[in-house]
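Dropping the structure in here first, questions after.
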Amino acid sequence: MDLADCYKKVRQRTEQICSPLQTEDYVVQPVVDVSPPKWHIGHVTWFFETFVLKPYFMGYQEFNANYNYVFNSYYETVGNRVIRTDRGNLSRPTVADIYQYRAYVDEAMAKFLHQEPSAEVKELLILGFNHEEQHQELLLTDIKYILGHNPLFPAYDAAYVSPKAEEAISPGFIKMDEGVYEIGHTGDSFCFDNELNRHKVYLNTYELSPNLVTNAQYLEFINSGGYHDFRHWHAEGWDWVNINKVEAPLYWHSIDGEWQNYTYHGLQPLSLKEPVCHISYFEAYAYASWKGLRLPTEFEWEAAATKFSWGKSWEWTESSYLPYPGFAKAPGAIGEYNGKFMVNQKVLRGASEVTSPGHSRITYRNFFQTHLRWQFTGIRLAR
Amino acid sequence: MDLADCYKKVRQRTEQICSPLQTEDYVVQPVVDVSPPKWHIGHVTWFFETFVLKPYFMGYQEFNANYNYVFNSYYETVGNRVIRTDRGNLSRPTVADIYQYRAYVDEAMAKFLHQEPSAEVKELLILGFNHEEQHQELLLTDIKYILGHNPLFPAYDAAYVSPKAEEAISPGFIKMDEGVYEIGHTGDSFCFDNELNRHKVYLNTYELSPNLVTNAQYLEFINSGGYHDFRHWHAEGWDWVNINKVEAPLYWHSIDGEWQNYTYHGLQPLSLKEPVCHISYFEAYAYASWKGLRLPTEFEWEAAATKFSWGKSWEWTESSYLPYPGFAKAPGAIGEYNGKFMVNQKVLRGASEVTSPGHSRITYRNFFQTHLRWQFTGIRLAR
Amino acid sequence: MDLADCYKKVRQRTEQICSPLQTEDYVVQPVVDVSPPKWHIGHVTWFFETFVLKPYFMGYQEFNANYNYVFNSYYETVGNRVIRTDRGNLSRPTVADIYQYRAYVDEAMAKFLHQEPSAEVKELLILGFNHEEQHQELLLTDIKYILGHNPLFPAYDAAYVSPKAEEAISPGFIKMDEGVYEIGHTGDSFCFDNELNRHKVYLNTYELSPNLVTNAQYLEFINSGGYHDFRHWHAEGWDWVNINKVEAPLYWHSIDGEWQNYTYHGLQPLSLKEPVCHISYFEAYAYASWKGLRLPTEFEWEAAATKFSWGKSWEWTESSYLPYPGFAKAPGAIGEYNGKFMVNQKVLRGASEVTSPGHSRITYRNFFQTHLRWQFTGIRLAR
Amino acid sequence: MDLADCYKKVRQRTEQICSPLQTEDYVVQPVVDVSPPKWHIGHVTWFFETFVLKPYFMGYQEFNANYNYVFNSYYETVGNRVIRTDRGNLSRPTVADIYQYRAYVDEAMAKFLHQEPSAEVKELLILGFNHEEQHQELLLTDIKYILGHNPLFPAYDAAYVSPKAEEAISPGFIKMDEGVYEIGHTGDSFCFDNELNRHKVYLNTYELSPNLVTNAQYLEFINSGGYHDFRHWHAEGWDWVNINKVEAPLYWHSIDGEWQNYTYHGLQPLSLKEPVCHISYFEAYAYASWKGLRLPTEFEWEAAATKFSWGKSWEWTESSYLPYPGFAKAPGAIGEYNGKFMVNQKVLRGASEVTSPGHSRITYRNFFQTHLRWQFTGIRLAR
């Protein structure tokens, strides 16, 4: 597929994700970590306008100079911006305005891509596609929160196909030998800067479960009082549980003594076979501790990832999000992409049911703060 | 005009106020004091459904049982409700849903009003009309904040007619004699419970300005350093100024050395002749102190109100919002209307450019906390 | 008694109040409203040094220039100061240092008072005495909080004589006639600026209880669920109760099913006959509302105060703390004494068991914010 | 030296550290991370009473049952405790009370140690000695903050001997070969549980500076605008700098254009040759980024530590504080020692000028949150 087609396909998928939404659903921001869908669809457009069209497409006329202020996410290099907590306070530009903006930029991009771009621009385009795919995942995640936080619990889309719960692959653990392993991306295909450089790590003998922890298994933890026993928690996690009165994963509601789970189809009885999801790192750690086991490191995960199936939910690892040896930020605004978040976050590995097809890979590193739960986060055990 | 016509007229005016809005403008809540327009139009409808239709219209079918949770403002008697800070986080019910709710309730009300209601219900209806008029004022005030807070500074309505700035009525002060005055509502016409009982107060000799303080006069205060001189401020006001870095009224923007003022027509050069507006009580007090004068009490204001023209902006008084002698709350939910706010608020008298026609009167008591500025609040001086 | 003797007597009483303290008790500040005793004894000394010795005693050498920074309370005119929340974070100057400071200033004052001071200085001296008496009351109040907040509940002083609980004076209410009353200080004796000007107010017929509400009566309110019934509370009070999980007056502890009350003698079984004390305005209002009665205004209180005995605890009134007609601040730092606090506070009338002898009077106006409880605050009912 | 002598020596050193203090210095807690010295000296005593005397010394009478509540630091297993922010609000027990408590426990310990303890108790004793040494370091660190935060900037002790600033050891970097290294404690001597298990790590070729960054070098960073250039900072660090208006290391004061540094001798002109100290991880990272270099990992540090001199200040590493392979918590309260803090903290390696002699070692792992500065924290560069 050529770049113009790739561009079109990525852009269409974003709009398809939004097609079941009401205009109002595009606007709100119920918590700081969630962005309004209209912000996402404007921001990914702004990315192509700012990093491709404005510097490389001679004679391009900016759509609206104020949009830089509105749709810049966190690039200090590119100037001031709406503060993150204010994204849900903006009724303008309207959804229709932003779709016009998309159409305007898409038209310019189509013209721009009539000619084969330089290698430098190609790299930016592929980064832009991957960037938009990341926001597709965020869009679906944020939409779930926006609707799931609503007291009417509306469904997102009756036609949404949830992944099927599978039988556990095997009851045992996968054994891995002690030794030196190579970690990080290799080859010519796209990867983010945080997957480089490929380097060696020494791993002790370890074992990984081929299966994710299920809702049924997590219920045992709840029913045995896991949320009320400090011994399983980090001190910071224990504070978090008590201040926020956490008693179950996000989206679980105990209604008339039955656990209901908010899904893209609205509230549904909890499916016991499915992987537990929407838990914080603190909860993942506490569950593992209660089982007398632990979470894998990201290196253990990557070294073994060909031996189990993954992609149902992002899996918390014990690893902190840190640069690999020889990691270097790109110069300019693009260099703000990953490096500046490498503190006080945990690495997640895998992918989730809402990850764009083909977007993840074995060396992919996602990362979140330890208290966050709105992502599709799950648990794989190690020992 | 009969009650059915009154009902229709009040309801139409609410919808007319919203007619220039985009769907997105109905949804957001940029600060806690502002409610999303869609919440207002749902809440005033809920008021008629809850206090008139459900108890008095035999066989009425509630539109949606969840709406009680969504549109209850603060009536503890009527059950749980969305917390105030969450109003702007709800994308559903949509604007279209709420207009359907309005139509449904309006139709039921039309049927209900075919028959002459009882005296008890009449009283509730008139309270409902006045309640909706209060929300009309709030709607316009909140819409101004929603659009004026937006970095694009969109106009509300090109057709909106702003009140004309007038020449000062007279340069002198109105003198009032010492003695006993009667304060509070009298007669059979509607008033809120907080305007009762009519009672006597003793006033010393005092003088009131017939004019409101203008933007030109307030600019002198700014230019002479009034915001940086602690001597004019209450201790609590001085903290407020410094923590919030307040330097001018809300909606004033200094752009390239010129003062611009956000209005319903968007940003406009500051009109010097108009009354200063959108200031907190702390600022009103500081301005008066800087002039060597003071704010009037609400009793001084009411006793003199026939002698000057008012209605441009709500005027801060020195009076705290307290019950009049013999004040009694109504039983049940309606009794939560006024009494429970009678602490740590200041009384405002008059009316503003966005007050519904005929809604205010000389005995009317509005009230806000001392730091609030999003209302059309102004200054009249006394000595 | 001449001024030098008055000075000595006031100063000695302050030191006598502190005599049962351990050095450590002088240092801590468990909540922002409480000041460390060492700060009080330094501050009242600084008052005489700053406002009397430095401007009026030729050749006086300041004890330590840094003390202005440490012991200034809130006088913006006099320069920067330690922020209030930091008072309990200062280990230096030590208690011994501050007693040296006191001795140094006392010696200078003794010399200064060898000569008859001017009328202007006399006025400052008398203000200084009254100021120190106010801090004596605060010292005792703050010491109670410091020790009562300690998990060991140490007694302040075994020799402390608590006031005796008295039988109720009379079961009925005192009736007062409608009409014009004069309010405010009159005569040549000392008063604070907030007691002026004497002026007329018009009062409707009203009745006042001759007795304060007792612990026994307040227990009925608790036992009937008063803290859990929103109908008796201001909206702001209801939030305060719920956020702070308030269930009883400050210093009440339910231990093995019995109410214990922290006193200057340590924890004691609750004395049912004594006036209820250490309650917020919110609680006083809710109690009155629960009884179907109300709190008096400060004017009702003053007009009737000769008809009942008072002085056990400061009594919350319904009146907000506002300037009397013609109130004027003194020029300079002394003018910061009262006026700048006249917002969002309620007036208390009377005096408490720890008020310095002769310090209060019928026209005296104390004032606190509506949520505060560490003062000896009580309830007198009106209707 | 036998255990009884060791005990005596450790305990004496604690008291010696406190000997220059005034009583008031023992009491205050200016920020949550600092504990009052009297709390430290009580807590280390409570440790021996709780974990040694009560379980192992037949017939031991607890000194005061309330002290468990007062001096428990964070052991959930051992029951409730004073919340951390309240430590500075307690005037009782007094300093004299706590020294009595120390004497009482020391006497019991002396008796208890007449007999050779079991191996299990020996281990606890050695843990207790190391625990007290940790608190000796904290005592000196906290005392510096308590006095350095005081506007009078009192000296701690004129007799305190500061370490001498040395010439840089060598201008070059130490080169380390790629390969597998062993990390973690080995042998029979004491170590904390977080230093185990000894395990292999793979390190790429790297270079370490033999010298710590000096004040002179750090000044260049300040003078070149390092605190105002977002490119060098983590996103979270950049927020921290801006919210807290950080412009220099803790204890640096720019007075009349000259940098002064608060030391144990009071304010002193900044010594340019000394290692920069009292900086957060965020600042250490930003400095390294500005130099185009980086911080070492804890593994790089340990592998090279025999090749340079260390012990002037704790050195921030890039490593997050995580368990080593096979790390296991001890059962019971002692198991709360380290593991529950292994999240959102960075590892520091080395020791500081106030570390007790012989307390640190090459495998020692200290840890703090990324924003903390009151410890003696410094920078060693890697590449």
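Points to keep in mind about this one:
Labels A, B, C and D are assigned to the chains in the order they are written; within every chain, residues are numbered from 1.
Convention: a contact is a pair of C-beta atoms (placed from the backbone, for glycine too) under 8 Å apart; a residue touches a chain by one contact, two chains touch by 3 or more.
These numbers were taken from a predicted model, which means no experiment stands behind them.
Annotation of subunit A and subunit D: not jointly contacted by any chain, touch as defined at the top. Spacing of subunit B relative to subunit C, judged by their CA centroids, is 37 angstrom. Chain geometry summary: the mean Cα position of subunit A and that of subunit C are 57 Å apart.
Averaging Cα coordinates per chain places subunit C and subunit D 44 Å apart.
Of all residues in subunit B, none touches two or more other chains.
Contacts between chains, counted with the stated touch criterion, involve the pairs A-B, A-D, B-C, C-D. On the side of subunit D, the complex with subunit A involves touching residues 74, 76-77, 180, 199-202, 204, 206, 230-231, 233-238, 281-282, 285, 294, 318-320, 322-323, 325-326, 340-344, 370.
Subunit C contributes residues 22-30, 38, 66, 69-70, 82, 86, 88-95, 146-147, 149-152, 154 to its touches with subunit D in the complex.
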